[in-house]
Amino acid sequence: MGFLDQFWQLTIDGLMVGSLYAVIALGYTLVYGVLQLINFAHSEVFMLGSFGGLFAARALLPDDGSVPGGLASVGLVAVGLGVGAICGGLAAFTLERVAYRPLRRRSAPRLAYLISAIGASLFAVNLAGKEFGRQNVDLPDLFHNGTVFTVFGADVSTQSLVIFAVAVAMLIGLDRLVAGTRLGQGIRAVAQDADTAVLMGVNVERIIIVTFVVGGLLAGAGGFLYAMTFNASYSMGFVPGVKAFTAAVLGGIGNVRGAMLGGLLLGLVESYGGYLFQASYKDVIAFLVLVAILMIRPSGLLGERLGRAA
Amino acid sequence: MSRVGAHRSGVPGARNPRADETAPGDLVVEARDLALRFGGVTSLDGVSLRQRRGEILAVIGPNGAGKTSLFNCLTGAYRPQQGSVTFWPQADRPTELVGRRPHAITRLGVARTFQNIRLFPALSALENVQIGTEVRQRYGPVGAILGLPHARRAERDGVRHALSLLDLVGLSHRTHELAASLPYGEQRRLEIARALGTEPSLLLLDEPAAGTNPAEKQDLAGLITRIAGTGVSVLLIEHDMRLVMSVATAVVVLNFGRVIAHGTPGEVQRDPAVIEAYLGVTDAEDTGGAAGGADVPAGRGAAARKDVR
Amino acid sequence: MRRRPLLGAIALATAVTLTAAACGSDSDGGSSADGKKTITIGFQGVLSGDSQQLGLNALYGVRTAIAEVNADASSPFQLKLVESDDGGSADQGPTAAQKLIDDSKVVAVVGPMFSGATKASEPAYTQAGLLSVSPSATAPALTTLGFKTFYRVIAPDTVQGKAAADYVAAVLQAKKVYSLDDKTEYGTGLSGVLEAELKAKGVAVTHDGINPTKDYTSEATKIIAAAPDVLYYSGYYPELALLSKALKDKGFTGKIASGDGSLDPQYVAQAGAAAAEGTYLTCPCGDANTDPKAAAFVASFKKVNKGAKPGTYSGEAYDATLALANVFKKLGTDVSRESVASAFGAVNFQGITKTVAFESTGEVKGSNVFIYQVKNGAITVLGNTSDLIKS
Amino acid sequence: MSTPPAGPPGTGGGAATVPLRIAGSPAGPAGSSGSAGSSGSAGSSGPAGGPARPAWHPSVLFAPARLRQLGALLLVGVLAAIVTGPTGNSDKPLQAAKDSIVDVRIVLYLGLAVALWVLLVLGAQLRGALERVSAPVRAPVGAAYGRRGGPIVLNLVLLAIAIVAPMVVSTAAQQSMVNDIGIYALLALGLNVVVGYAGLLDLGYIAFFAIGAYATAYFTSQTAMPWHAPFVLNPFFVFPIALILAALAGVILGAPTLRLRGDYLAIVTLGFGEIIHLVANNADNITNGARGAFGVPHLSIDLLGIDYKWGIDPLPYYYLLLVIIVVVMIAFGRLERSRIGRSWAAIREDEIAAEATGVATLRMKLLAFAIGASVSGFAGVLFASKQFFNPQSFSLQASFFVVAVVIFGGMGSRLGVVVGAVVLQGLAFYLRDKVPPADRYIYFGAIIVIMMIFRPQGLVPSRRRRREIQLVEEGIGAADSLGVAPTGGQR
């Protein structure tokens, strides 16, 4: 039962979790790229999206507790993702409007945003706890979970495959969005130089809100994916939020592809580290790797700048 | 751009004849064969330069010639890929500057100003200069917190020194005003005062006259001469040829990262390579400068943050 | 000048809300209608933060008991509750305790709940001579630290850990046990006793600890790779639920067992019946939800708490409160901090989780550890450990 | 969550095609007037209806902007109803929200919202009042605090209040004044050196607090931790030891990491904080793990005929803390006005210019780190000797909270951060009795957001900081990484 025997299984576990980190990390990175602002309340966007998707899927599940199959499963996952994304988007929109925009208009110091975000986060977490209860909420299986195929003897379950595939699809979609569309162009322009972007006729306010919403959509959908395996609860956001933020920094904050790479890498490091050492040291290892990488590459693995990334 | 090649042929090995005659002990700084590249862009291409103690040496050249890059290499903001810079704080103490951090170089006695002014905008004029004067002070946090005698004495000396420098640059009436609230010309002078506060033996001025009016330019010329009179060597980047001609004792001309000429102001002005370099650049500002006409202020916005990143 | 009307509005609205809320919370209490004497007890527990649910479980248990006492016409007094939140942390413990101590009407306290908060709070209770009965603090050391007014209605980890080890070794016939704890004081305390006992019995033990996050996928891989006969988790049900899910997905074939922190119907709800099926749960208590005797408690709990079901520590808190009421009844008119503190040690009260009676140290008497198992999606009692081992 | 106040929801790819109407509308949904200068807006249209018409004219009253405002207010009303409404549970997730909306009380809240709206539309005077509440950001608050940290009279009055205050409150409040306010004020003063003076964001600050606390347990007790010194010291002797240990830890952490720019430093310090926290929690054989360190003796003095022991009573600790805080404030005031403080200001305002002026930026940052850390370690000793602690006390949230106190109070301002601790922690304490404990942090969070909206510079911003912010607003200079946020093209 050495490490090498379990290597592939751990890799698959790590990639699944890492892809979720990556999806959340994108929200941090997008906002950071555009505003040079760490959106600490992003974890709550994730949490709210998660609840939204979970409730929607639960409402549509058959009452008898049977596990749906076939198209019904696909539909349920799609609905959950969609509703999760919408809730996340709405939450991000509201967050930007209420907690950030008024500050932006007052030229507040950057740290004021941090505190505003912490406040908004406290509010959202505890209100969610009050409304949805403080228990973890389980999302029953939406499809028959079994081994789809094996890689070097390691099982790949339907669940991890779905999560990984959807996450990767979202990552690629976002990458295309930023790299290839007019909207993406605007985002990159603002990220590079907001003042110049204004002169070029880019509506910066609009880009900012869109950036928040896009990050929220991803986080919301990611939240639903998360809830599929890990349940949802009012306090679920904090830990993955910190992890995703770490992932974003690891890859080079403000850099879309960096966030993806950072997320996957962090997932793997945790997975391997948790196996090799006592699992409660998992985070210690993850942070040590982060520090080591930043010592070697002070701007993260792929460097900064949303503008140049894609 | 065929002209470039033409200049290139003669220059690299060429030495300033006067400099060659100078005994090393007389030098304050010598740069040898500096090369600085950013990716594919070559900013300095084997620049050598010597400055005698007490001399006012002007570095001129068209925009993008590498003047500010040269400054950045001398002050440690950039590390050249090749070459060395020797600095003599005292005549018998040659010190290599390449590889040292900027603050260490400042402490050795090389101070600078910036092309786009970089004051501490929310501090008062006095505080700006004080930060310069305090470089040489040694007291630490304990001394500061306990108000130990040596700390208080140092503090007092620093203030006195700073006030005298403000007086020197003619800003005594602005002592307690915010740096950012001063008019442009005065900000330039404040920056010089701050640099002088570090008690340099070599002062690097990056376009001190940019954006100032003729009267201020005249004052500035007087100031530079006065500073040199106190024994401080001055290395000057300037576009305004009238100013250069009036204060500089020697001139080095850079173009495309190479030294294309050096000599006394008069010699340089007559140098055909220099004239060609300036005329070859269509930029009206530089042409005007070469012709000895009034300086056209460099576009602040464009120049902003260009010098050091 | 800029206008910020909306922001002003938000501020005002919040102010109004706050005031309204403040008024709302002040409106309860007062003297009872039928002129009965009112006795005030305090509750100190985890009412904020990540472990809030455990605090609410206990608080609801206390409220249920109080509602029952107050509804009882034969009761000579009415009970009133003062709540104090310590967030489960040592930092806030002294302040939370002091709040109850300052309220001179409070004659006894149910709480604190977590061992850390208990260690931080008890010196103050001892000094004030205010009785505190913890429904959930299981750290073995607590009764040895010189806290004079401290009692607990839950057996310490030592009792449960030992019994659990006996059961795992003797009945489940485990040769290889994977002992996992959640790195809380409760978890490490329990796993420490369990492991020592198992090793003494010659069972091979692998130890690991996790931080209570939510991602146990790789931990499941690790457990399966170790191929234990039994996994014993020392911690709380939300994590065990996720762990069970992950283990089921990966096809773990060993048995899963856990302690009283996981004895909660929520475990099954959160893990899903399929993943939870077959899990063994040990508890030095009778479980209110499964014990037929306690059906009345479950019903009244739901009634008092808007449909909420009893959870971990609900029963203990309920018992603690009723034991207090029992003492008040005995004391008659002389109910004061001193009298309650001195009389409580002699209480003998049949609760729903156990018989509440104390050693001189404040430790609850008796050490019956029951084994439960999830069968058909419901937690059912298998019996007393000692009986199960004999048979 | 509530739906956004107004405007297109901007969900999905639709956001790309639906033009958000922020730019064109005279006033955004957040009630901004055009003058706030939403970027990119040419401000083509003036205030709705033109300035000539009175506020109650229907075309003004029912202008889209006004209606949107009303909508937003109504939503706030609904939210308020939900916040104060019944508590839900996971089985019926949306039931509680539904209940609170169909509750009678909703009428009250919606009525309030409408009343507020009417007031806002009609009440220019009210607006003036609001302005007075919200404007003092640049009003002469600072004028009260002169060059020497404020007129002596004001400082003495504040000190007198601090001395008298605990005598008139309950013992529980006294506890809170030590544990929450006092300790956090001290921590905030220390972090203020790092954040406020040197402009470095440290999110793992509580780690040094932990180092101080564990050092105390190591040196003063044979029983608190499995790992202990071979001798026993009075906690008072641990103060200097912890001071040095924490400062050393700060240097060890800072030396390799301070080259990193702002936000990278933030995450590295966050990681450091977590590492210390987790190691403390996991190292059962050294720190006693999650069980914490019980049995650290209280402070005691037996010197020069003075024999005094601190105990469970919070009051003596309060006064000790007060003395320490005052001393630290005076000390840091001197530091701020010395060459060291000026160097920090220079680094904050223009690091490159500072370096070129001979300021050893790295060393000065390291010094700030070490000084900040040492104060934290100092506070750790005090905390450890006052009461039991376990690794929970050193969580990430605690670090965030100290940062919150510093920003909330006004970074760079010594008085500000202390006031920040008093107000924030006082608020938490106040809410303890006023709202259901489980809901406490809902209100707490909302108030923090509102406070930051109104006073982003903090309650008592420092003079220097305020000037820097003002200058950046005017477009001069770029403050440090923690200074002014990118405005997203505000100007």
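Order as written gives the chain letters A, B, C and D; numbering starts at 1 within each chain.
The criterion applied here is as follows: a residue touches a chain if its C-beta (ideal position, glycine included) is under 8 Å from a C-beta of that chain, and two chains touch if they have at least 3 such contacts.
Fair warning: this is a prediction, and the values are worked out from it, not measured in the lab.
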item: Centroid comparison with chain C (C-alpha atoms), farthest chain; value: B
item: By number of C-beta contact pairs, the top two chains; value: A-D
item: Core chain by centroid distance, with centroids computed from Cα atoms only; value: D
item: Whole-Å gap between the CA centroids of chain B and chain D; value: 43
item: Whole-Å separation of chain centres (CA-atom averages), chain A against chain C; value: 34
item: Length of the line joining the C-alpha centres of chain A and chain B, rounded to whole Å; value: 50
item: Whole-Å gap separating chain B and chain C, where each centre is the average of the chain's CA atoms; value: 73
item: Multi-chain contact residues (two or more partners), chain D; value: 30, 32, 36, 83, 87, 89, 91, 278, 281-282, 438-441, 446-447, 453, 479
item: Residue numbers of chain A (touch at least two other chains); value: 102, 105, 126, 129, 133-137, 278, 280, 283
item: Pairs of chains, among all present, that meet the touch criterion; value: A-C, A-D, B-D, C-D
item: List of chain C residues in touch with chain D within their complex; value: 1-14, 16-18, 20-22, 24-25, 47-48, 52, 55-56, 83-85, 88-95, 98-99, 101-102, 115-116, 119-120, 123-124, 127, 139, 141, 145, 183-185, 187-189, 209, 211, 306-308
item: Chain D residues touching chain C - in the complex, by the definition given at the top; value: 30-33, 35-36, 69, 72-73, 76-77, 80, 83-84, 86-87, 89, 91, 105, 108-109, 112-113, 116-117, 120, 126-127, 130-131, 133-135, 170-172, 174-176, 179-180, 278, 281-282, 284, 289-292, 294-295, 312, 314, 387-390, 392-393, 398, 429, 432-441, 443, 446-447, 450, 453-454
item: Residues of chain D defined as touching chain B within the complex; value: 331-332, 334-335, 338-343, 345-346, 349-350, 352-362, 367, 371, 464, 467-468, 471, 476-477, 479
item: Complex contact set, residues of chain A against chain D; value: 32, 34-38, 48, 51, 55, 85-87, 89-91, 93-94, 97-99, 101-116, 118-127, 129-137, 181-183, 190, 194-195, 197-198, 201-210, 213-214, 217, 242, 245-246, 249, 253, 278, 280-281, 283-284, 287-288, 290-291, 294-295, 298-300
item: Chain C contact footprint on chain A (complex, rising order); value: 1, 5-6, 9-10, 13-14, 16-17, 65, 102, 105, 126, 129, 133-138, 140-141, 145, 155, 157, 159-160, 226, 229-231, 233, 235-236, 239-240, 270-271, 274-275, 278-280, 282-283
